[in-house]
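Shared chain: chain A. Partners: chain B in the first complex, chain C in the second.
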Partner chain A sequence: MAMQVQPQAPAKADAPLAHASLGRRMKKYAWGSLFLLPAVLIFLLFLWVPIAKGIGYSFYQVDFVNGNTFVGLQNYQEVLGNPDFYTAIKNTLYYMGLALVIGFWVPIAMAIGVSELKWFRGPARIIGYLPSIIPAIVLYGMWQWFYDPIGPINTFLNFLGLPSFDFYSKEHAMFSLVILETWQNFGSATLIYIAGLSAIPKDMYEAAELDGAGVWGRIRYVTLPGIKNLILLLLVLQLISTSQAFQSQLIMFGGGPDNGTLTYLLLTTREAFTYFNFGKASAMGVLMFVFLVVFSLLTIKLRKGDDAA
Partner chain B sequence: MNKGKSKRALAYGGMAMFVLLAGCGGNANTENTKTNSNASANAPTENAAANVQEEAPPAEKVSIVAYAYPPDKTAENAALDARIKRFTEKNPNVSITPKYWKYENSEIAIKMASNSAQTEFTTWATEGKLLTDKKWIADLSDYMASWPYAKDLNAFATKPFVIEGKTYGIPIDAYGMTITVNKKIFEDKGVPLPPMDWTMEEFIEAAKSVNDPAKGIAGFIPMGKGTEAGWNWTNFLYTAGGDIQTVADGKVTAAFNSEAGLKALQFYNDLKVAGVIPKQWALGYGDALAMFNQGRGAMVMCGSGNALDGAINQGGISKDDVLIYPIPSVSKGGKHIGVAGGNYKVINGLADKAQQKAAFDFVVDEYFTQEYLDAIDQQIVDQKSKNQVYVPQLINYWNDDSEYGKKYQAVLDKHDNVYKYSPELIQLMESKPEATYETQAYYAEMANVIQKVLISKGDLDLQKLLDDAAAKVQKENFDKVKVQ
Partner chain C sequence: MKAEQERAIMSRYDFRKPAVRAIYGFVVLAIALISVSMLYPFVNTVLNSLKSTQEFFEFPAPFFPSEWHWSNYKESFGYLNIPMHFKNTLLIFVGNTVFSLVVLGLAAYGLSHMQVPFKKAVTLYFMCTLLIPAASYLIPNFLNLKDLDLLNRYWAFWLPAGANAFYLMLLKNFFDGIHKEMLEAARIDGASELRSFAMIAVPLSMPILITITMLGFSTTWNDFYWSSLVMQEDMQPLAAAIYTKIIYAGSTINWNVRFAILSMTLLPPAVIFLFFQKYIVGGLSAGAVKG
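Now for the complex of A and B:
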């Protein structure tokens, strides 16, 4: 009993103090909290609530107008029993891999190239970034023309005496999309790398030069280690964004030919907006969400291990 | 910073957030309901006044949202505004707000979930079953029963929206799928035009004779991307005597893997082998028509008036250089059957009864009237001032041989900027409605099959492709249909 009384006494004595401290803290953070409030509410309304609702919908046959019907795990069973689900996963992984091999190094090379320039650094940055500001509708129209059998690329190949390249075949369709996406997106990543490069102390380059390092030596021993963390961060971001690709696949090829560019998210949107199976689409979204959470946790763990080492 | 200011700032912040959230939740039909609530709230006062004057109570105030055209269609929007004015003068209790949203089957679910579709909107012949199953459109049978002109509607045009004996849509126009031919490409090549009563074989020969890949001109432009691919191919399935599905004993069974289906798929394969189709198979509806308008294809398949309108009025092709052919038959003298389509007015199922009634009255207000004919006449005059051609639909909401049909024909005959269909075409072509159940799923699956054919480099087992597609659609879609 004594043990119970003793802790209560100081708590009572501290209560006004704690109250005063809480009041002071509230006063101190009132303005900051006020400015945070809209962002929190917007995130809540447009991000967290949809995520929670999406998880809920995955257990229902969704009918927005006439009411939903609880179906348990049926949506998940149907998703896992659909052969297109596995085709979409395979295609998405293939697209992610291709984008890494073909596209990931481009902004790194571009940023290093630009930072090594003695003149025209500003114009080079602008030229590199220009593709990013082209509206999507123009972009896809332009690349449809580039890839056309009588478009500029094939006309040039024919001029060189080479056969036309079939950008629309099942074997090449995904490759064609990666080229298009890399061209459009490398500019913004380049700017991030350039910002990272500018944070590397100049004296490290001077020291390297005094030690006799040439251009390649500087890049290998100063530049790349200097932006290593940035490369890892952008790698994770690219993997996440390419795992959710569907826009160019939908517009350029509609997921074809013969489901050759059917990605996971494209199949999800098809379930939702072509077949109106919002429950199944939500189930696919939840599976993707789980995958990305696991992937992100794994990445954080690996990076922690790396930092500790 | 004093306490008062902080409180005021918090209050303003809260109000701003409230306004933001309230703005997010607004929609057309709640707005309508609000107007009605206000009307109801005012009703006692109005009724009291009416009792004093011993007059009939004023009609309930109703607000509806009408289907408008894109902003660049100034002539059409002006005509709509004039029609709204005429209607509201006769019905002062109804207020009508025009709003542009063009029906898309990929957007309708979101529109209905947010209750932001117009009170009356235009949709396609294919959508009847889907929209009624979801209860997104209202049953118009009662309104039709009291509309004196209901019996004068063209039965063929009305059919796609008569479902289980109830009427859900009012036809605007209808069409059958046809082949649009660029006559100039044939003339430039010195190739005679094929006969109107053509066969699939003659079609391929015609395509071969004008095909010029070096110049980027294809003999024929089939749609190969998206569900349009399946929709296009279905014309050949129909003309070969096939069906998408059969319905018996409450069960839907895939039927497109029949002998007719094989013939139709063999035809696509023959087109590919002959090299008369574009190498870039990924052409949706808009892509294929754009290509035709650019003169990069001699033939394209589309609804009878739609490709013509685009080719003449957007593509700048002379109206004398485009012709409409029926879908080729399998053998000489055979049937030329295309998929039937059309545009329909439907009433939003989420609107309340008063709004639905007002919307119905507005939609049919000028049907079978001189005002409608005057509006067409004005549209033709407006198009002439822009050097455009009026492309009438082949099938209208009225019967062509009716009094009204003759009056309409007289309006067309007054002008020289009206496209005239060949009488032989009208005699030859037949139209057949699409399947009732899970048509989009069937189209999507057939799109894969067609793409396999269009990109294949070697021999394909066409029957197996069809059988596999039929089995998949059967298991995943048709078996789940509950026929009522």
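Now for the complex of A and C:
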């Protein structure tokens, strides 16, 4: 067998490897390289090349019929000169903030609550996760009706003697979206937090209680510090994902009313697939890319610094 | 289900305080209400799909339909060729699964159990792509597929399915747990690398393979926007077809018919979730905690 020589083999067999000839070394790598080759090519062709191309296209006027023309920084100038660009950034930040305020703490509270249940713990977890399995398009279809002026939520409000709530107005649109997305997503985050909570040693609660900490004190000084890293991780993941939101805004409101739900990525896709300004859309993609990569690197650095401390 | 006396944050002693008991009661009530609000939309969607149009708009709307109108389902087939779009979704899913598992499985096995040149650099080459935000990648990916003349072809999904660093990471983590000795033994017995991969590593890795298949299914079944760009008309998978024809901002198709289509679209993932719950939830925590 050609593969006789293995690094993990006993010391005696190891000796000849040190003087392995070039041919032998190539033979050693042949199979490994062959196993990796398809993936290397696919990653190149469908990830690295498009990214390089995307940067390239951002300096071109893309025209499928007459060919592309180099326009220098003109795409960037047009993007930065478009007032919608700033509306979109503002809306995206507003959406990210709203999702934090309304949605971020829910799975933490839910996980703590469910972990304290004496019974029904298993079903509660599964029920909480159920909305996550709803396909996005079905989700939006359902909520279009729930939010309807005569839909179930307003019917219920009227039943309680409260006035109807206009979920579709410009002021409420983003709020409506955050509610529906929190409803769909908090279950999976809850499961992750529950896993984190179960790793906290029980005797720490015992000790805290003996030291006179009340229930709230135990949550504050044992539970939350125990899942601090998980909270930070999910915070970063949520910020990254909400900064790229556009599908619910597109389906539920089409970016309106009056650009009230026009997010950054929705504007990008609109430039590309409605106005066919692929050059401008690529330029917006590059700006987003730079922002998110800097953000990711920063958080990695912060986390590393945190761990070292 | 574990030992009853196992404590969490609160001990039995805490329950003697009325304030704690009141708050605990409130928390239990809140969880119960949330659970109901989680289940209500499912039931409501199915029941709405069986109401007549007139009954649908009754105020206040009855919870149960007085008569079950299966005709809504029949009518929905007039708006959408559901079997054809369903077939498209399945084709994309099967091709994606086969392609991603073979390409990424080989690569992950290579990285974890074989001698590979420049191992660190190659790993970085794959894993770096986890940092690329999907948002900035949408437009160039579309242009790239157009340049390669892959638009409106199944290959536009199948080939890129192999470029998934997240699945690669899951596979590699799993393969790392397989004992080297087992593969050594196979090599000494004269098995080729391909054979020890297929006969030893793959059978041992069924849990992660199923998890990835499930993740792939929900991705394919969910995705409507990207596939509506890549595929046109009769080539579109179900979710994309629903997006272009049924559910969009300002759609005017009858609600009960819409709900019939939504109920049908909801059924497969619900069934799969019930059967493969363990793997789906496992994949979720594997991804989140290690990511």
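By definition in this document, the second predicted complex is superposed on the first by the 250 of 309 C-alpha atoms of A that agree within 3 Å, B and C clash if a C-alpha of one lies under 4 Å from a C-alpha of the other, contacts with A are read in each partner's own complex, and residues count from 1 in each chain.
The definition used in the following text is that contacts are C-beta pairs under 8 Å (C-beta built on N, C-alpha and C of every residue); 3 or more make two chains touch, one makes a residue touch a chain.
Predicted model, so just to flag it, every value in this text is computed and none were measured.
Within the superposed three-chain model, A:V294 lies out of touch with both chain B and chain C [touch as defined at top].
When the two complexes are overlaid on their common chain A, residue A:V101 makes contact with neither chain B nor chain C. Contacts of A:F159 after superposition on the shared chain: chain C is touched, whereas chain B is not. Once the two complexes are laid over each other on the shared chain, residue contacts for A:S188 go to chain C alone; chain B is not touched.
By the touch criterion stated above, A:N82 is placed in contact with chain B alone, chain C being left untouched. Once the two complexes are overlaid on the shared chain, A:F273 sits against chain B and chain C alike.
With both structures placed on the common chain, the touch criterion links A:F253 to chain B and to chain C. Touch criterion met: A:G32 reaches chain C, while chain B stays clear of it. Chain A is touched at more residues by one of its partners, and among chain B and chain C that partner is C.
When both complexes are overlaid on chain A, the residue A:L302 reaches neither chain B nor chain C. With the contact threshold set out at the top, residues 31, 38, 45, 64, 144, 150, 252-254, 256, 272-273, 278 of chain A are in contact with chain B in one structure and with chain C in the other.
Residues of chain A touching chain C in their complex: 1, 3, 6-9, 28-29, 31-33, 35-36, 38-40, 42-43, 45-51, 53-54, 57, 62, 64, 110, 112-117, 120, 122-124, 126-131, 133-138, 140-142, 144-146, 150, 152, 155, 159, 183, 187-188, 191-192, 195-197, 202, 205-206, 209, 215, 218-219, 222-223, 230, 233-234, 237, 240, 243-244, 247, 250-254, 256, 264-265, 268-269, 272-273, 278, 281-282, 285-286, 288-289, 292-293, 296. By the touch rule above, chain A contacts chain B in their complex via residues 30-31, 34, 37-38, 41, 45, 63-66, 82-83, 144, 147-150, 166-170, 252-254, 256-259, 270, 272-276, 278. Interface of chain B with chain A (complex): residues 1, 6, 9-10, 13, 16-17, 20-21, 24, 105-107, 109, 112-113, 130, 134-136, 213-216, 224-227, 278-282, 284, 287, 349-350, 440-441, 444, 447-448, 451-452, 454-455, 472, 476.
Only residues 1, 6-11, 13-14, 20, 23-24, 27-28, 30-31, 34-35, 37-39, 41-42, 44-45, 48, 57, 59-61, 102-104, 106-107, 109-111, 114-117, 122, 125-126, 129, 131-144, 146-148, 159-160, 162-163, 165, 168, 180, 184, 187, 190, 193, 197, 218, 221-222, 224-225, 229, 239, 242-243, 246-251, 255, 258-259, 261-262, 265-266, 269-270, 273, 277, 281, 284-285, 288-289, 291 of chain C touch chain A when the two sit together in their complex.
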